[in-house]
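Next up: the structures, one after another.
Heads up, the next two complexes both have subunit A, just with different partners, subunit B and then subunit C.
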Partner chain A sequence: MSGHVKNMCPQLTISQAARTLLSLLLVAAIDSVSAGVVCRKQPCGSSLQRSLKLTKLIHKESVDLLKTYKLSQGDMSELFCQMSINNVPDPNISGLDPSERMLSIYSHCKAFLPHLKRVTEQQTDLQPPSSSLLSKLSTAHNRTNGLANQINCIYQTLFPNLPIPPEPVDGPTSVPPSQNVFQQKVYGCVVLKRFKEFLSRVTRELRTLKSQVCTRRTTFADTNALF
Partner chain B sequence: MLSLLCLMLFVPRVFSSSTLAGIFPQDPALRMGSSLTATCTVSPERGLHANTMYWTMNGKRLPSSTYDLLSPNCLSVTLHHLNGSQQQSGDNLVCHSGDGHVLAGSCLYVGMPPEKPVNLTCWSRNTKDLSCKWTPGGRGETFIKTKYTLKYKLRWYGRERECEDYSTGQRYTCYIPRDLALFTPYEIWVEASNQLGTATSDVITLDILDVVTTDPPDNVHVSRVGELEDQLTVHWGSPPALKDFLFQAKYQIRYRLEDSTEWKVVDDVGNQTSCRLAGLRAGTVYFVQVRCNPVGIYGSRKAGIWSDWSHPSAASTPHSERLQSGSCEPKPGEQNSTLRRELKQFFGWVRKHAYGCSGMSIKLYDQWRVWLQKSHKTRNQVGCRLLGMATPNIPSYKPLRINETTGTSNEREENPTLDSDTLSLTLKRAPAVC
Partner chain C sequence: MPSLFFCILLLGLGVTESQASGLAPPQQVRLDADKETQTLSVTWEDGHASTFDVEILRTELMEMVLNETVGVTEDQSTGKHQWNWTSPVPLECTSLSVKVRSRDGQDVSEWSSQQILPGLDLPDNTDSQMYPEGKTVPVGSNMTFCCIVEEGQQFGSLWYKDTLVKENMLSRRTYATTMTNQGPSNPSGTNVVCSNEKKMIIAGAVVFVGYPPLPSDLVCETHDLISVDCQWSKGRDTYLFGMTRQTYYTLNGRNCPKARNSNMRCGLEQWDGNWTLVARNLLGEFRLTDAAELGHRVRPVAPVNLTTPEVYSWNASVGWLWKDKGFERLSLICQVQRTSHLNSSTQTYTGYGLNTVVLKDLQPDEKYSVKVRCGSQKNFWKWGEWSLPLSFQTKMDRPVAPDIWLWMDSDNLGRVLWKPLTKSESHGQISGYEVILWSPEENSQQTLTLPRSVYSLPINVTDRGSKVTVTARNPAGVSLPANIVIPRYLPGKNGGKRVVIPRHLPDAEDTAISKVAFNGSGFPLSWVAHANASCGYVVDWYNTSCTQDCNVEWIKVAADNTNTMVQSGNFLAGVRYKFSLYACSSESTVLLERWHGYMQELVPSRTVPRLSPNQEGADVQLTWDQIPLEHQRGFILGYTVYLTNASHLTLLANITDPQLTNHTVRNLVLGSYKFTVKAYTAAGEDGGATVSISLEPYTYWLIMEILVALGTMTCLLIVITIACYRKRKWVKKAFYPEIPEPKLPGDWGITQGTLDVKPSPHSMVHIVEDSVWDSSKEALVTVPEEDEEGTGDEAADTDEPASLRYYNQVVEEGSSSQRRPHASDSSASSTGSMDSGHTDVTYTGIQTSACSLAPMAHFQPQPDASQCVGGGGYRPQMQSASCPEEPQTGPEEHLQPPVGSFGGYQPQCSWKQDSPEADGDGLDQTCLGSPTSVTSSQFLLPYDTSEEGKEYPSSASTWFHNLLTGKP
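The block that comes next holds the complex of A and B.
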């Protein structure tokens, strides 16, 4: 064995260790990512507080959005909102424990997104381009997407051992097939009405979760610190 | 025919599981003034009889005289002389059950086919782009969604292209941001289409260089002309964006009083970058704006298009030393009683010793002050009263020189002597007459 070969061995070892370390770091990074979202671990209270503020904002805007929508459809559109339509997400949050309820919030946010998008597309054909309804719908969609990502991150932080199930591609709340104009008006009204109600429930739920989950974690951490 | 229609729609598969009712026709497009007969058919499973149903249009209940009971499950309504749609999303024609629930709906689009768009005009900002605007040819087309497409092509060659940016914030406008040829005429037109028809505007032909506008002049400064009360001078910069384009700019100025909405326009400014405004009111704030027209860019024969007005610049003319002619009395409502009293005394003195108030000046006031002090001093010392001071031939604006001569306390004041060239008043101490 030449001296050259002998000298190379320590460098190989270091390089191997570096690669191993890099691989471990990469795995850790990938593990913290779900559905393309990179979550930074943040204090429980402030994350939930931010999500709560965002929810309140979207809820407030959804009230105005529904009002603008009704005005844009013509008189008597109030009745449209009361008609029953299948396949529109219901506004209720389900689950018994905090993890299930948080997961329900996340799933509902994701479920509403394609419906908001469909309503936007339909109203783009029905309204003049300058209609404020179109920009409000777009804002609602973007903010709800942001909220879903936030809830996703909080869930992963609080419940790292509970995976988030994959989103259904064609489930019970997928968007309906093509509709005539009257059906579109009714559909949009029902979607936005349920969306508004959902956000109202999310606001209450996040307040409860914040007091339940973040307090419990703080107590547990304090107890651990004693040992 | 309508009964057959109701029967056809009775097939259960037509109905959605949620409504089990349907209206025919769905989403029709109709001309204003036309008539429509629509039918509402319910599934027998609903257990409803058609004679309990009713119709609404945009929330307003339609009279039952317009209904026709075609079958136990089918009710029609006939509408005459339809007006233009109330909203672009369509009028809501709705069929209700007797208790008010919505059974089915159909959206009506009532309008007119478009007429050819008119008043198509275009302009280019600094030869870089092209904006165009037009007006709908008819009113009827505005009730329903009418699409306008601006098209353009080079006159003698080139393919037809469509303008894509209609979102400039104003309706009936389109913006072409780049890739425009110069020295070559374009043909431009607008095509309008809706569910009832299509129409095309007249074609306009233009060279970009003939429709150029530019940014308003920058650095507009307004300042006084020395102490001249009725003049202001305005300076501005020529448009920088066109500095390489060989053109002759012409300018326009407009100005107004601060509290007025009426502008005065100065049209004959030419291509200078400064101007003096005259005939203005003294002691007054003026707002001034300037705009530019790039004439004959690269030898174009046509004038360009006036720019927007510059941001307003303001300046005030100097105050006049002359008081307003008219009454010399102090203005009513004077708050300061001391000032008022003094003014009264001053005006009284001026009336007596000068030619009324036409020769009013601050200098005269100062002279009165001096006289007042001296006479007060004299009065205090020897208690004299000046008599016979008013002489009608005291000219105005002449310096008033007050001389004092000493005399015994018993000496009467004689009439003051006056120099013809100066207002020279000789005071002689007189005995107190107070």
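The block that comes next holds the complex of A and C.
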């Protein structure tokens, strides 16, 4: 019997730990569902700085990506980006206050993702498997997704009472229907060009937001500390 | 009513014509377009003919595209006629109108109703477009592209790749161009774009131009005796990429999804014996076949689980397993590759189901890595894959005997040397050496144990003929002994660098040494076989310039060899090595031959020492010493001597004898010289030693030359003097013949007055006496005009000689003593005229001698001096005299009767050589000539009877006169 009792205690301990862990996981899951991602609490300045660095990196890579793209599309491809294409996200960031502008950044990141994916798919059929363009497109897609998550976390941190709308605030920009090869080339060029312009604007916007939002919050915190 | 009638008439005529031909027009003409293939299908009914005329036009511009008679049979099942036409222009470009009529020979039916295939350039389709888009065509094909311009825009241009091409207008909005013989496109296709009038791209298309697949070399084999693995070569690049355009492969009807890029292989689970590979892309397909029996295509997989069941010092066994049991029942041939730090070798083994081999000829205490691969011994196809490597280490064994040598530093002191044992010789870690010194005279031995880091032992060789034994020891045991006998004979005078010197080559050290050249890998040495080389030969070498504790290396050569290649990693460029060949016998070691050489000759590292110049008159001898051996860095081939002028070197000599260390530079003029001497080897000259020397006048020689010249002149004068003295009578007769004294009749009256004579510009005196001689003119005395006028105006005029004024008065005796000797020049020249006056002889050309003109020119600018000239008034054949002490005295004084005993006119006896006292610059006034009579050509010698000659005993003229006259 004694042995039986001894065997019971560990089971009890394990079940309690499992329940605790399960509870934590449920809380985290709920939190992530509400925000889309699991965010870590970080100071305003450092999180924005981190996003700013990531934005700069993606922007730098987007310049190279566009250059590589044009080189991969054959003759006259320099002029492809000048053609007009509908349903490609606008690079401009909208909104009046910081929360709206940050939400616009997030929405744009999300909006560009399907287009980047579509361009990657289209170019996979046009480039040899060893082409560096394919790997760069894939990298840009992944980094943009990461940037969107970071912006989401910052938004939740700075504006905890403002919900993130499920759809992009600037309106849906669905990927185009089937395109012929020439249209694919033009489409990819326009997408990457606007993507580059968007990242340039995000870089400036994050600098501004860092100086505006984080300074104000620090001031508020100091004021609260006095009382 | 009339019109109705006309219509009925026409209708009637038409019916009449149709009925006349008997052919009904095609009915229900229908058009079906396959735009992908640009094929137009035309079907119609009720055409009972088998031949039809088809007419196709571009609807908008009504341009004829096709007008052709075709044969079309009726489809019995449907009762329709169908005719297909492939348009060279994409069917989307513009609308086409088609009509058909039946034909039976020359009879034709009416045209069917016109059917229109609408294009995409209709007004309701406003966008810009370009066709065809995304087609894949073979390389070399022709294609027509069309651009439909957006409504409201103007067409600009068409571009194929980056080339502007010429277009044709198909319709209001459609423009087309045809590209011929297209080349392969890049992976993303060839772009064809259309721009508007603003050069903005409005539409574009992509065409993929490539090749159909063309694989080759299909080979199928088995690795496990069950399945099949087929491989082939991709062949020509298709230039087509992407899911739809890439090449797909099937093997015996099964897809090969892994056959991508360069990995052209596909497998089947069972051996079929026949295989067909089909490669297919949008442009075509290609088939390859292969067939073989299973046993002929065996390529085993790599053996696994290699082990070494037994490992010894010199051999080991290696075993492995087969993953597939089938190989255990197959005759195999296997290769075992073993690799050590020394080398790598491969051995082949065979056997039925081979899985163990024995490796022989291994090295003790050596690490080996082995790997195995096998193939089918029967119907060998290919070697299988190498197995993973297996490492093991052999056991140790006792070392080999050391290689020893004896090196004498002096007659009695030497060193026993032995080479460190290499890894392949030590057979394990060497723990130490043991040296045994045998002394046969004392019948004793001395044993020394030395650590493994010692490779020499100093010995005092007092007992000649003793023996030294060296052994090496490692954990596995002791090596065989290495012996060397200390020779009984050692050199007397050349000890130190030599082991022994044979009796028959007592002086070989310096005389028998020869050069040997490095050939890139070593020093090749060859020699004549020696009878006493019972145990072979030994060649040792060392740095020649080494003086103490030299590093000695040696090699041993078998007795049947008479040449070797001396190689060492210690050879350095610019170092002279001396090689000695010894014959080895049981009794002693005999020196046979010596060489020296350089691995690479360099220029000397220093200049010649002690370069010094030595002046030898006009020559300079340069001497120097030889460059020390360690600085030569090559065989000195000679020296070059340069004359250094600033930075420029002038080669003076090239001394090709390296033993000659001096050089004489000859015939140099006075000055400073800088000489550079450079020694040179085969690699070039050294930097050069420079020395300077300043050549000074050779004083002693100069003095000697002057003395010799003076002595010679003195002797010559003495000889001349003696000769003249002995022949004085002849000389006197020749130069001073006796002239009879003129006898003057009566007394000469003296009339006072002057006679002005103006000399000719050439200083010639022309005096023409009247036939009636004026006896009152006792003498003519030259008086300068300025003396009378008392002005110097005339004297300043140097162009005209001074006018001479002659006083026809008798010159008093002694007046000449107060006059300068040169003042008598004019008188001397005129003496002849005076004389001629007495003898009625006319002198017309007495040239004033140099000795007489010089004082004239000298005195003319000086009025004071002119008095002297004036003092030299016309005194024919008067003895010259010095000027008065006071030159300021007036001409009146000159007119005074001369004081002295000179007795007036004395023809040919009053001339006298100008005395040095008359002028300070006596050398310039030296007169070597004497006035001569034009007619007689004889010297006018002064008469010697007067007392005046005694007044100037020291004058040269007097002396000479006395000499000639024989007076002492």
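Following the convention adopted for this analysis, the second predicted complex is superposed on the first by the 187 of 227 C-alpha atoms of A that agree within 3 Å, B and C clash if a C-alpha of one lies under 4 Å from a C-alpha of the other, contacts with A are read in each partner's own complex, and residues count from 1 in each chain.
By definition in this document, a contact is a pair of C-beta atoms (placed from the backbone, for glycine too) under 8 Å apart; a residue touches a chain by one contact, two chains touch by 3 or more.
Bear in mind that the values here come from a model prediction, so they are computed numbers and not experimental data.
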item: Subunit A as common anchor, with subunit B and subunit C clashing or fitting; value: clash
item: Subunit B versus subunit C as contact partner of A:63, first or second or both or neither; value: neither
item: Touched partner set for A:86, first subunit B, second subunit C, both or neither; value: first
item: Touching partner for A:73 - first (subunit B), second (subunit C), both, neither; value: both
item: Which of subunit B and subunit C A:162 touches, first, second, both or neither; value: neither
item: Overlap of subunit C and subunit B interfaces on subunit A (superposed complexes); value: 72-77, 79-80, 82-83, 123, 125-130, 180-182, 185-186
item: Residue ranges of subunit A touching subunit B (in the complex, touch as defined); value: 72-77, 79-80, 82-86, 123, 125-130, 180-182, 185-186
item: Contact footprint of subunit C on subunit A as seen in their complex; value: 72-77, 79-80, 82-83, 123-131, 180-182, 185-186
item: Contact footprint of subunit A on subunit C as seen in their complex; value: 130, 133-134, 159, 161-162, 185-191, 193, 200-201, 203-206, 241-244, 260-261
item: In the complex with subunit A, residue positions of subunit B that touch it; value: 17-19, 23, 26-27, 56, 58-60, 86-92, 94, 100, 102, 104-107, 145, 166-167, 169, 171
